[in-house]
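In what follows, subunit A forms one complex with subunit B and a second complex with subunit C.
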Partner chain A sequence: MLESIDVTKKFVGKTAVDGITMQLEPGHIYALLGPNGSGKTTWMKMAAGLIKPTSGQIRYNNQPISIATRNEIAYMSTEPYFYDWMTVGDVGKYYADFFQDFSMERYDYMLEKMDLDKKLKVKSLSSGMMAKLKVAATMARDAKVYMLDEPLNGIDLLARDSVMNMILMAADETKTLLVSSHLVEELESVVDKAIFIKRAQFAGMYDVEALRTEENTSLADKYRQVFSDVEMGGIQ
Partner chain B sequence: MQYDSKIPIYLQVIKFLKTDIISGQIKCGQKLPSSRELAVTYTINPNTAARVYQELEREGVCYTKRGMGTFVTEDEGVITMLREQMAEEALDVFLKSMSELGISIDEAVELLKQREE
Partner chain C sequence: MLNLIKYEFRKSWIIKAIILVFTAVFELMFIGGTIFNNEDFLGMGIAFLSLTTICALFIIGVYGIFRLHKDLTTKQSYMLFMTPNSSYKILGAKLIENAGSILVAGLFYVLLAIVDFTFLMAANGEIREGIEFLNQILGAHYSVDTYGFVMVSLNLIVIWIFTIVVGYLAVIISASILSGRKFSGVISFIIFLIINGVVQKIHGIILELVGFDTFGFSTGKTVLGLVFDIVFAIIVYFAAAWIMDNKLSV
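Up next, the complex of A and B:
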């Protein structure tokens, strides 16, 4: 179980994450939702052990986040992080060097499914292909928790379907998946839980099918409700 | 796959599967994909997929053989009943729209006959 206990992160002049307490259980795919700048990425980076909370603690199976938990928690950041000279095949080798749980077999299988040629240079990839590559490399790890930050951003419909497929192929009752996205509609059928982050604070966790069954409400409707009072840059 | 995001996804997938069973696209006694495969095929959460099979089992439309997977019932009676049930549901929807338009059942029948000709 991934647990966030009153976690706060302050940067100079700004509180990026403000007292977030929540628990993520295995066997679920969670959506992490909120407008730009609400603190989703900062929270994920703390759970991945890349930055430290100012106060509070994130724990995985009762262990504070550390080098050790990094082996259990796979994280995909929004920014591209491969070198230009690399080929798709090199990315696999690079990952295999970094992560003991990386499976080349799984990587190859996903590349084939995603129609990605190992000989292609990273530099030459379209944004859709790049997105698929990043997700494939992350999901080829045999982790217990997968956190994907904006895996659907800036890619076409077909690439999105592929990314969703990779996420669903990895999901099982022992794994916890967390996906952040602005594209709430795309996640409707795939996630079963949704976490809302509003102005750096936790703003509720919902069972998505229960919203439909009990409130006749879609995830997108709920999103609009929760964020109805957040400024949209002057456009309502 | 396109879903109505206000209606529970499991109900929508159940409807797709039932329609395929009634139309014979999925045969009596045929083995169904595992719930994980179902999740990938229909782009749905694995828990939703598991629920789809739970509901279909509860309704007697399919059954689980231990260690072998989920199969469609061999009982043709169940499928005949399913067909009637789904036809009723489709009629309810149709009649509701007709009544919203102020069209009586007799008029609706008349319209249907005209359509046939």
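Up next, the complex of A and C:
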């Protein structure tokens, strides 16, 4: 179980995450939803051990996030992070060198499904191809927790389908999947729980099926309801 | 750890390959000048080889600091800090690769200098007389002999490695503690100068206490200097890795 206990992260002049407390159980696919700058990415990075919380603690199976938990938690950042000199094949070798749960066979399979050539240079990839590569590298691990930050960003509809299929392939009752995205409708058919983060604070966790049956509302409508008072960037 | 070292080497091998190509070109110039008695080529070969030696050690070290800065301040940092490796291992791999490269490069150039010198002496007997004359002028404290040359070179290489480790610490402080604050680069550079200054001061005091002359070469002084720099490099390494482990957010 991944547990966030009153976690706060402050940067100079800004509180990115403000006292978030929640629990993520195995066997579920969670959507992490909220407008830009609401703190989703910062929380994920803290759970991945990349950012240190200012206060509070994130625990995995009752152990604080540490070097050891990186063996269990696979994180995919929304930004490209591979070394410029790497090819698609090098990325696989790198993961295989550092993660014992990485399967090269599974990686090759995913690359094939997504039409990615191992000889391609990482720096020459389009944003869509890069998104697919990041997902393939992350999902080729046999981790206990997968955290994918905006995996559908910048990719076309067909590529989205293959990315979602890969994500679903990893799902089982022992695993926790957490996916952040702005594309609420896209996630609605895949996730069974949704976490809302509003102005750096936890704004509720909902069972998607219960929303439909008990509140007779869709996840997208719930999103609109929760964030109706939040000023969004861009054209209103 | 070996995998980390492997990838650290992979990140910097192009720089090293370029340095080797330059060295090979100037070495050919030197050999050609010696064999064909062409003083212009010989002079240029010696001058450029000397310059390449200094530049090589400088570039390898500074590039190591630059790589660390990039690995801490860009998204490529995830490649290191996502993996189940502690900061001690990550920094240790960087240090071993960089210090190892400086040491290997330093020893390579020392050996090359000895080989070239011997080659030059064999080709031109007058050089030996020149060196003997030079030793007479320099007196007891300084002498141009192979042993002294190797020891002083080794000492200089270790001092340079220590300087690099302090550079690592300054970069880590800048990225971890001063991250996002105004003048963090300037402050970390000042920290770098202060640490270096303090350590050199302590070095001087210890030499005085032990009774070694500040100037001139002696085996005891060189060995003490080596031990001193290695011990301080280890202390600075642990301090830097601790800061990374406890304060760094990437």
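As a convention for this text, the second predicted complex is superposed on the first by the 232 of 236 C-alpha atoms of A that agree within 3 Å, B and C clash if a C-alpha of one lies under 4 Å from a C-alpha of the other, contacts with A are read in each partner's own complex, and residues count from 1 in each chain.
Going forward, a contact is a pair of C-beta atoms (placed from the backbone, for glycine too) under 8 Å apart; a residue touches a chain by one contact, two chains touch by 3 or more.
Note that this is a predicted model, so its numbers are computed, not measured.
Asker: Return first, second, both or neither, reflecting whether A:67 touches subunit B, subunit C, both chains, or no partner chain.
Answerer: second
Asker: On the A-aligned overlay, A:97 touches which partner chain: subunit B = first, subunit C = second, or both, or neither?
Answerer: Touch partner of A:97: subunit C, not subunit B.
Asker: Between subunit B (first) and subunit C (second), which, if any, makes contact with A:229: first, second, both or neither?
Answerer: The answer is neither, since A:229 touches no partner chain.
Asker: Looking at A:221, would you say it contacts subunit B, subunit C, both, or neither? Reply first, second, both or neither.
Answerer: Touch status of A:221: first partner only.
Asker: After superposition on the shared chain, which partner residues are touched by A:171: those of subunit B (first), subunit C (second), both, or neither?
Answerer: The first partner, subunit B, only.
Asker: In the superposed arrangement, does A:75 touch subunit B (first), subunit C (second), both or neither?
Answerer: Second partner only, subunit C.
Asker: Looking at A:11, would you say it contacts subunit B, subunit C, both, or neither? Reply first, second, both or neither.
Answerer: Touch status of A:11: second partner only.
Asker: Could you tell me which stretches of subunit A are touched by subunit B in one complex and by subunit C in the other?
Answerer: Overlap of subunit B and subunit C footprints on subunit A: empty.
Asker: For the complex, give me every residue of subunit A touching subunit B.
Answerer: Touch list, subunit A to subunit B: 27-29, 161, 164-165, 168-169, 171-173, 185, 188-192, 208-209, 212-213, 216-221.
Asker: Can you tell me which positions in subunit A touch subunit C when the two form their complex?
Answerer: Per the touch definition, subunit A meets subunit C at residues 11-12, 45, 48-52, 67-68, 70-71, 75, 77, 79-83, 85, 94, 97-99.
Asker: Applying the document's contact rule, which stretches of subunit B touch subunit A when the two form their complex?
Answerer: Listed in rising order, the residues of subunit B that touch subunit A are 1, 3, 5-10, 36, 39-40, 42-48, 51.
Asker: State the interface residues of subunit C toward subunit A in the complex, per the touch definition above.
Answerer: That would be residues 3, 6-7, 10-11, 75-79, 81-86, 180-181, 246-250 of subunit C.
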